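The data blocks that follow each hold one structure.
You will see subunit A twice below: alongside subunit B first, and alongside subunit C after that.
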Partner chain A sequence: MYRSVEFLTELKGNPAAFIGLLVLLFYIGMAVFAPIISPHSPVRVHLDERLLPPFWLPGGTLSHLLGTDVLGMDLLSRIIYGARISLTVGFLSVGISVIFGGILGLLAGYFRGIFDEIICRVADLLLAFPFLIFAIGIMAFMGPGFVNLILALTFKGWVEFFRLVRGEVMAEKTKEYVEAANALGVSHLRTILGEILPNIIHSVTVLGTLRLGYMIIMEASLSFLGLGIQPPTPAWGSMINAGRDYMMNAWWIATLPGIALLILVLCINLFGEGLRDLSDPRLKRN
Partner chain B sequence: MKKRFSQFAVLFLALLIIVTAGCGTPQKVASSAQGKQLDGVTVDPNATLVVGLKGPVLTFDPANYRDLVTESVLRNIFDGLVTTTPDGKVVPEIAESWKAVSPTEWDFKIRKGVTFQDGSPLTVNDVKFTFDRLIKDGAINGKTSPRKGLLGPLKSIQVVNDSTVRFIFSSPWPIFLPMLAHEQIVPKAYLEKVGDSSFAQHPIGAGLFKYVKGNPNSQIVLERYDKYYGGPPDIPPVGPAQVKTLIFQVIPENSTRLASLMSGDLQIAQAVPTDMVPQLQGNQNVVVKMTGSTQMHMFEMNVKKAPFDKVQVRQAMNYGINMQQIVDKVLSGYAVRAAGPVLPSSPALDKSLKPYPYDPQKAKQLLQEAGYPHGFSLVIDSDAINQVVAQAAASDLQKIGIKATVRVWDWGVLRPLLLKGERDMVLTDWGNSDQDPSDLLGPTLRGGGRGNYSFYNNPEVNKLLNEANLSVNDPERYKQYGQAQKIIYNEAPWVFGYVMKNIEGMTKQVVNYRPSRDSMLTMMRVGIKAK
Partner chain C sequence: MFPIGLEPDGGAQGEEVRAQSEEPRAKSAGQKAFPLCATSNTTRTKEVRILRTAKIIQRILATVPIVLGVVILVFVFMRFIPGDPVDLMMGQAGNVSRQEVADLRAQFNLDAPIYVQLYDYLGKAVQGNLGESYMEKRPVIDLIGQALPATLELSLMAILFALIVAIPIGVYSAVKQNSVLDRASMGISFLGVSMPGFWLGILLMLIFSVKLGIAPTQGRIAYGTGLVKVTGFYVLDSTLTGNWVALRSSLAHLILPAITLGSPTAAVVARVVRSSMLEVMRQDYIVLARAKGLREFWVVVRHGLRNALIPTVTVLGTEVGALLGGNMIVETVFGWPGLGRLAVTAIFNRDYPLVQGVVMFYALVFVMANLGVDILYTYLNPKISL
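== the complex of A and B ==
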């Protein structure tokens, strides 16, 4: 409790990061309470109410605050539900990447040897591919869908966490407290989990936060290309794609989900960078 | 890269010269003095006409593709024995006249004085060579022309004398003439000299425009062929093209293509989406024109697999999807509903068939009878273009208890799965440019047809279609098609769909252009208003 209060106080010293956190929490709240706060069903087709503009434009109505899309589906409700998809995909893919990459990194960095060699070469191989093209290839091979999307994102996503953890473990391993633990006869498992892990977890948290925004962008890109979440399930990427053809007569269909995506990713990144500044002792003194 | 840059630079300079030539006052007077009258308007003979395409051109070889956009560009470079008017009437082009010698033999007399764009005369040998290349196995670089299937039972071509060729069929083929309009004549001597691959990059035809340069994925530049023989006498005024330069610009993105039209970068844009029509109509410089098209859209259901193996379920789908609302709302009314499987504009249409009414109660009842009182899960396959219609249909089906979702595919990935019978329901379309059912029902609803994704195979329908295909007596054929339509209507292997309008936009400077039923973009008698 004391630590989180201290953390918040320090974060307040960095207004950009603090706002980032607030907005992220706002989006999470929106995602969690989507069924309560969204005014309509996100998949209800109403062909009599197609292409209605947002309420502030002529022709807009208060029952569809942000207007409707080409099938008359309520844009505000779809954006609210879209936050669910984006955040779920983001947190799940980062979470799985952290666990998978982290465990491999801890083992490889601590024990080294042939195991480390093999994993490192595999990681190098995966790093050689651009992320998006790699994900497109996997999705085209496995077909679209939620589970496949998470798999495609984590298939390469773990590598960065692996490299980070492995490097940190190798640095920590040479420090005196690890040597002391070894000298006391503490088991390897306890040394890794009890001694080393608490000392490197903050850098994993920072990287995880920064990757969260990236994964959300990736999900939107794949959905935009028609490889991710399939319509009519609301995902911002596929909404932007669906609105692309209507930019001239109904700009809001593509633009508003785009703005929702922009704000979320921007704020996650601001928060992530603030977190990084806080955890870096050299920057802390200023 | 450097080469491409210099190509663009040359092109830019050329455009600049054309533009400035039109701007200078002395030239302006000269050009309007020379300008011909077209449709009561003086046109600029040195004008450039830029047309926006919705997709890339696949090749410049008229024997080596199956694609509508490619054909619509190629028909400006190449001429065929016959062609079609924008309304779909077959008229002579390179052929002067023809007659059926017997039900399986047709003689075509070739017009005199037709030359290819390299100056060589077009002879009967070129005609024979062209069609041999289309129907002989392995004739194009060891591969068989993908257009072979479009020539049906054509067996061989004989040169009768120096102005007549004879087409010999293995069986009578009633739709030969309209199908012939899709094939263009290539120069034998030039093609044999340069080879198939080189010809596809530097094509020479006997058409209105000669190929100058271009990249099939972005921009194709054509120039008027001044020694053109004049084209079909049935489409006046006979003579060379009315513009000097014709440029096809590939702009797949709808909004970009239409923005280019409104800003004047394009003079004609094809494939205007229905939702954009009011926007374009509100623009002072743009005219929207439309015509009926010949592309049938329908949902095909796999009758080999449950639940669509039951006829009640298939009928329930027809009652449960509010197709009239889709036509009126999603397609803004720019489509015509089809009651059965035949184009509403076809002479073979059975007018006694009325579209299935929207009746969710009846649909639920039929589902109950078929043993699906609680519906079932269904994935409707679609391509990106038609996905909005698929989603609207899915939402209707949800109202009768069917858990329907939509999956959008790349056609190249989806088609093999469809052919294997792995999918349940697909929203697709089939082009039927001659409007005769043999070219629509034959491939899509006869057992073993190449586009039969529903796997519908009714011996009685097969027999009727085969008989109609062999007869040359139209009233009798139409009777057989009528019977087939009734059976298909009742057995409902499709959710019967709609035929879109073919909508194109053009600037007010364009003279004498209107969209064609078959979506061709032949700039035969089209001009640009003189300034």
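== the complex of A and C ==
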């Protein structure tokens, strides 16, 4: 408790990061309370209300604040619900990557040996693929869908966390407190979890935050290509894709979900950079 | 982020080497044991060259298993797809007898054990035979070759755009640290890093094509420009053949996709150049260069930028991956007939040999680009651990 208060006070010293955190929390609230706050159902088709513009344009109505798409679905409600997909995919894919990569990194960095060798070779191999290409390839082979999307993103996503944790563990292992723990006969498991892990959790959190924005963009990109979340489920990427055909007469369909996406990713990145500055003053941007 | 000891600049070191090599050479076994402190400089340069070559060869050799692994991984993944290629083809063909299916399986070697198939595939891949596209009924390698110039043209233009925009901004931001322009450009570059590429493309298209009508939305070139294809690079071809109408058209088609693709790279490069310039400009040799009475412009460019570019090169290496992935998106948005669109179309057609070929090709390009950057890096950075 004390630490989180201290953390927030420190974060206030960096207004950009603080705002980033607030906006992220706002989006999370939006996603959680989507059924309560969204004015319409995100998937209800109203063919008589197709392509309505946002309320400030001629022809717009207050009942559809941000207008409607080609099937008459309310854009605001779809954007609100879209936050659910983006945040769920983002948090899940980062979370699974952290757990998987983290455990492997702890074990490989601590015990080294043949296990470390094998995992490192696998990591090198996965790093040979550009992220999006790899994810696209996996989605192509497995087909679109929520679970497949998470799998495609974590399949390569764990590598970075593995490399980070492994490196940190190897550095920590040379320090006296680990030697002391070993000398006292503390079991390996307790040394790893009780002594080393608390010392490296900071940098994992920072990387995790920065990767969250990236994963959200990846999800949107895959959905945009038609390989991720499929319509009519509201996901920002597929909404933008659907809006491409109506750019001439209904620009809002493609642009507004993109603004929601941009603001979210921007704020996550601001928060992530703030965290990095906090956890390592040496990295502070000049 | 870049744990690289920035070095005294190459120029000054070169002079030092020249001055010392005037000294009488002393070679003895004893001195060779301490090559870095006592040997004469010609010997040292030679040793550095040998070590560097060894390092590069080692790096190239390390790439071989990766390449092999990439091919095997992609191949094995292909086998996980429910339904083999013959099932897929039969689904399209309609009524087929059991015998015909068996014949086709044999023809595609699908009845052999997987390691035999893999061996077979590797043998053919080495000769450049990546199989045949189901849809186009043409060799995958031909389709890749046909789409490659479009993608290369776009990528090169994007990198060019990124460097031309980012390096001056990064240098200026560092030199005038905390000025309004510095803050503004760093803000914009932060925006650029967080910007989803496909959305930027749509935004640009909306503004410049739909609203202003000054740039085309789709394709590489307008119909009826009479372009003669020589290399497949339309900008180059139209210049070579003196077809200015085609040149204008291809440049107009190129500009928005190139900006879309290059923007994230520009944002990253601007930030890296700025931070490494700030680091470099604090070094003693900059003070020395100023004390020599060198004009500030040359201090910044020759002594500052030259060294600040070392981390930039590394970043460009990682950016190649982003560019390759971005290609798929940007080519889809702008209907650019390159590799990315080839891959995306192939995915929707379930044309697996083509998907396999393109994904593999992308991965190999990425591996090679990283190898190239590493090699370049050993040359740029005089103090790299050998």
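Rule of thumb we're sticking to: the second predicted complex is superposed on the first by the 281 of 286 C-alpha atoms of A that agree within 3 Å, B and C clash if a C-alpha of one lies under 4 Å from a C-alpha of the other, contacts with A are read in each partner's own complex, and residues count from 1 in each chain.
Definition applied: a residue touches a chain if its C-beta (ideal position, glycine included) is under 8 Å from a C-beta of that chain, and two chains touch if they have at least 3 such contacts.
Nothing here was measured: the structure is a model prediction, and the numbers come from that model.
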Inset, instruction - Could you look at A:Tyr177 and tell me whether it touches subunit B, subunit C, both or neither (first, second, both, neither)? - result: neither
Inset, instruction - Based on the superposed arrangement, let me know which partner A:Pro144 touches: subunit B (first), subunit C (second), both, or neither? - result: first
Legend entry - Partner chain(s) touched by A:Leu225 [first = subunit B, second = subunit C, both, neither]: second
Inset, instruction - Classify the contacts of A:Phe7 with the two partner chains as first (subunit B alone), second (subunit C alone), both, or neither. - result: neither
Legend entry - Partner chain in contact with A:Asp124 - subunit B first, subunit C second, else both or neither: second
Legend entry - First, second, both or neither for A:Phe115, with subunit B first and subunit C second: neither
Inset, instruction - Could you say whether A:Asp245 touches subunit B, subunit C, both of them, or neither, answering first, second, both or neither? - result: first
Legend entry - Greater residue coverage of subunit A in the superposed arrangement, subunit B or subunit C: C
Inset, instruction - With the two complexes superposed on chain A, say which partner A:Val45 touches: subunit B (first), subunit C (second), both, or neither. - result: first
Inset, instruction - Could you say whether A:Phe33 touches subunit B, subunit C, both of them, or neither, answering first, second, both or neither? - result: neither
Legend entry - Shared contact residues on subunit A - subunit B and subunit C: 140, 226, 244, 247-248
Inset, instruction - Write out the stretch or stretches of subunit B touching subunit A in their complex. - result: 253-255, 258-259, 273, 275-276, 278-279, 325-326, 329-330, 384, 387-388, 391-392, 394-395, 405-408, 413
Inset, instruction - Report the residues of subunit A in contact with subunit B in the complex, numbered from low to high. - result: 43-45, 47-48, 50-51, 70-71, 140, 144, 226, 230-232, 242, 244-250
Legend entry - Residue numbers on subunit C that touch subunit A, as the complex places them: 1, 65-67, 69-70, 73-74, 77-78, 80-81, 177, 190-191, 193-199, 202-203, 205-206, 210, 275, 278, 320-322, 324-326, 328-329, 332-333, 343-344, 347-348, 355, 359, 362-363, 366-367
Legend entry - subunit A residues touching subunit C - in the complex, by the definition given at the top: 121, 124-125, 128-134, 136-141, 213, 217, 220-221, 224-227, 237, 240, 243-244, 247-248, 251, 254-255, 258, 261-262, 265-266, 269-270, 283, 285-286
